[in-house]
Amino acid sequence: MPPLDDVLLVTLPVLLAAFVLLDRHLVRACSLFVLFALAVALTWWKLGFLWLAMLETLLGAALTGGFLFHALGVGLAGRAPTARLAHARDPVPLIWRRGLVHLLPVLALLGMLAAALGSLPASDGSLAARWSGLVLIGLGLWAFALHTHLLRRLLAFNITGTGIFLLLMSLVGKTAPAAGQGLVITGLVVALLGTALGALLVRRLGALVPSREPASASDGQAS
Amino acid sequence: MSQAWLPLITLATSLLVAPLILLLPERAWRARAALNLSAALLKLLLVGLMVVGLYQGREFAFGFTVVPGVEFLLRVDALGMMFAGLSSLLWLATTVYAIGYLEDSPNRKRFFAFFSLCVASTIGISLAGNLFTFLLFYELLTLSTYPLVVHRGHPAGLAAGTVYLRYTLSGGLVLLLGVVGLHALVGDVTFGEREMLRDLDPSYHPLLIGLFLVMLLGLGVKAALVPLHGWLPRAMVAPAPVSALLHAVAVVKAGAFGIVRLVYDVYGIQLTFELGLLTVLTVLSVFTILYGSIRALAQQELKPRLAYSTISQVSYIVLGISLFGPFGTIAGLAHLMHQGLMKVTLFYCAGNYAEELGIHRIDELDGAGRRMPLTSLAFTVGALGMIGLPPVAGFISKWYLGLGAVQAGMPWVIGVLVASSLLNAAYFLPILHRLWFRAGPAHGKGQWPEERCLGRFETSGWLLWPSLATALFSLLAGLLAGLPFSPLDLATLVATEEYLP
Amino acid sequence: MIERLGLVTTQLPTTGSSVMALLVVVLPLLLGVLGAACRPKRGWPAVLASLLALLPLLTLTPLVVSQGTQAWVLELDGLTLHWRANGLTLLLLLLTQLLVLASAAYAPAYLRVAVQAQGRGPAWLWPLMGLLAASLSLIWLAADLLTLYIGLELMGLSAVGLMLLPGREDALAAGMRYLLLALIGSLAFLLGLALLLGAWGRLDLAGLAEAVEAGPVLWVAMALLSAGLLLKAAAFPLHAWLAPVHGSAWTPVSALHAALVIKASFFIALQLWLVFAPQAAVAAWVVGGMGAAAVVWGGLLAWRADKLKDVVAWSTVSQLGYLLIGFPLLIGTAPAVASIAWDGVWLQLLAHSLAKAAMFLAVGNLMLATGESRVSGLAGASRRFPLALLSFGIAAISLVGLPPSAGFTAKWLLLHAALAAGQWPWLLVLAVGTLLSAAYVFRVFRYSFVEDVELEDYRPVPLRMDLIALILALASLLLGLAATWPLALLEIAGGGP
């Protein structure tokens, strides 16, 4: 029976991620994402990767969050135009049947991953991180395939990425920490840059097409 | 060292003229004409040098490796020299003709640039020393003739260009597959190294037959063997010098020449005979000869009639090489030259009629002999040669074809020859009759469709002199067939090489 | 095969020239910094800066030619990065620098004529281009997965950034889609890396090649890595993002993207397959099948495309199919076959890069001159813009694979390899691809030869822009007969000279 704080640290990001991905109110979702990033930073700290915890706080929570809010037009002082906030809600409702259909490929991928991981033994401490990583990957991919709102896709991408980082560090934590950290740091920077680019784009697109819903790309067949 | 570079320089004369022409401004037609003509003359001189060198037994070869196992090789041999001589001679004539024909028309710069490229490709084809190099220039020919076919840019021309490309590019692709297949089997085959295939184990023979047929399919498109001939009559919409060149030397001959190379220099006549492939060629060519002639009979316009006549006449070459024996070979190769000279004359004349009098249909030709006597004379010489009357060159071809048929033990071919000659007469003699013996506008009856007085003579001198020159050459090739350097003499040289090892 | 990639564990790393290797990567960045600082209005400063980036190559080349593969190990706080340079690396580096040089020389004139300083876009062009060149150099040099990952991500992001520069709505929408797909591709790649690192605890390719053993971990990892890379390379079922992205991008950017960015993903994928699964013939056939589908489908779409740039972009999808056919010819085949296919694949890559860059530049010139982006808008172009059309034509010869172009020589080698391996289907695919490419290329020509159109207003483009396209096109043409030179460079693979 693992200690309670371990369980909490592993389940907290997963829960937060689920809330982030299911919330149609985008400002709330972004705020939850910042919380999620902080929770992940805590997990890193608990796993003993101090550097990663700091970077996650800085890059994941602060900067990524900042860019996400920028995309929504929410400034530091919160003096955002209300019209924009009205848009800050995904107009596409969640249809459960669609959600279930999109779950199938994700489950297939997770099954593949699990089959591969089955042959890699895990130490006790990393098992929990591995599972939460897998769940985050699944959740993120599912949401990425499901949502058409660009910002929600960015959120989903970030959560998938975090899941992969967790999985990666749970796999290599002891054997090759330097290489693993190198990959994760690169990944964090890439995720930040990608999110930043995406956020700026969402903003620009919104400014260019004021009449249409700023960030809908339903014509795009991206999945 | 000059010997290795001679083929390269010959190729370069027309290859380098193309960019030079592109650099000249569109208006500078004098400079362009001077450039074209001097390059054509230079090339004729160089080819002459190589022919003389060849008779003296010198070797000219230039080569380098492209990728390991594949060589780019230019080499001079008697067969290639026949083709090179023909193309450089006709290039000169056609250049003169084209300068006159295209006077004051747009896009002349583009025309002459691609025209030079086209001739460079035919020279490359004739100098190619192996299948790879041959293929290279064979495809380059397709590319360089397309802009010439669509030159006028009207819908009919564009449609003809599309059809032309469909046929020739598919043909080139099929040829490529065959050549690569042969390369994968035995490596680089230098022309003349017949032992490479002959010494293969008989178990490879079915494969060899397959590859031969594939390559024949590729080459047959350009040689316009029935049923691969569909592009040729449509390409008639091209300007007259282009049609003349396409039919006499460039495209059609490239295909026929390729078949000759394939039979004599890659497989060797002996192996081709043993594999039973000569019979395939005979049947194909006989069918094409008769089919082309019959279709020619049905044409009401001058150029399409000449086009179908080409389809028929080019197959004489294939027929000649398919007759096993030196006489057949001589006939096929000599006809390669003879047909070029005669057909180019006919096309020049057709162009003259169209330019001077606006005549396109045969029934408009009544009495044109009076209005344009010299052109009509040239036309008559060409037509009689096509029928095979002595002393024009065509007679020599048919005579040797007959001898070859007897030698190969296929006397029924003579029947085909007779039938085809009758058909030739049936579609050419009415034209001659109209030209000389029917009263027409020149006799004060009716009027020409669109008369323009282009020059001091019956038409512009640029148009007239080339027609007369080639007509004269077709006469001389027949009259002086026994002299050295005549087409017949060169053909005999090749045949001796082939049959007397 | 692994020796051909220059991945050898036994060789002692040479340290003397590691500065050179770093310079190869860093100097392109200098181009970016200088460009951003000066915003060159003329071509020559940009050309000078890109020429500077060629200098370290000039010292590196004789070193590799005389001593064989060079390898470097960079220690970074517990991390070891492995770099290497062999003949192939040099070839790709040279290609990259030359194309960047061409784009850099083209860009100032293009920006002046076509963009007219709208927005902040032009300022970002130079740093992003420098970053792109640097990340590409990093990819060619990398001999470990971490460096590859860094290079791939930098390349992807700078490519997305470059595509977004026009700032118009269609560019942004297409760019957003590209960004999301690129990010997904990176995630798949990272997940694959995670599995490899977790299972065998190292990231250097040469070491991994010895360590890996077949099993579910390897297969899943390879599937993930390949999926990510093929997505970025616009391989067949994952290609839909390509044409919209190119449709609105700036011409020099399109040229760089189609010529290099896509190739980099292909290069990494092929390298990983050769290292980790050199005998996986069945899986390679699957990739080859995707390539075949790409050849046909891309060709059909290019044929049907309405816009000029779409024709060129779809043709990239089709041509990449040829490269993917290299997989079944290289993997699990006899050494003799693989050796021919090896030459064929890289020659095809070179040929296509040069020809496609030339074609994009030529098409850009034509669009600029006619003010039309549709194929039918080219009517009469052959008289008015002969130079641009000539460049297009010469590049097209190489794309179709007609002699004497490099595309032809490459196709010859691929056909030969397919015949030697007895893999008949690829013959058919190459044949169909040739016909299709001829169809879409000559469709463009057909319109350009139309004569009876009125002289509308058109503006000639600066001669320099035409000349750059022409030079690239000629390079792809002449490389066909001069193929021995790059192929000889390819031979420098293993330890000794």
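Here the chain labels run A, B and C in written order, and each chain numbers its own residues starting at 1.
One rule holds for everything that comes next: a contact is a pair of C-beta atoms (placed from the backbone, for glycine too) under 8 Å apart; a residue touches a chain by one contact, two chains touch by 3 or more.
None of the values given here were measured: they were computed from a predicted structure.
Distances from each chain's CA mean to the overall CA mean are smallest for chain C.
Per-pair counts of C-beta contacts peak for the chains A-C. Inter-chain spacing, taken between the CA centroids of chain A and chain B, is 72 Å.
Averaged Cα coordinates give chain A a centre that lies 32 Å from the centre of chain C.
Averaging C-alpha coordinates per chain places the centre of chain B 43 Å away from that of chain C. Contact residues on chain A toward chain C in their complex (touch as defined above): 112-113, 115-120, 137, 144, 150, 153-154, 157, 160-161, 164, 167-168, 171-172, 175-180, 182-183, 186-187, 190-191, 193-194, 197-198, 201-202, 204-205, 208-209, 217, 220-222.
Contact residues on chain C toward chain B in their complex (touch as defined above): 343, 347, 382-383, 386, 390, 397, 402-404, 408-409, 411-413, 415-416, 419-420, 427, 431, 434-435, 438, 442, 445-446, 449-452, 480-481, 483-484, 487. On the side of chain C, the complex with chain A involves touching residues 77-79, 146, 149-150, 153, 157, 160-161, 164, 167, 169, 172-173, 175-177, 179-184, 186-187, 190-191, 193-195, 197-199, 201-203, 215-217, 219-221, 223, 240-241. Note for the complex: chain B touches chain C at residues 22, 64-68, 70, 72, 106-107, 109-110, 132, 135-137, 139-140, 142-143, 146-147, 150, 152-154, 158, 161-162, 165, 169-170, 172-173, 176-177, 180-181, 183-184.
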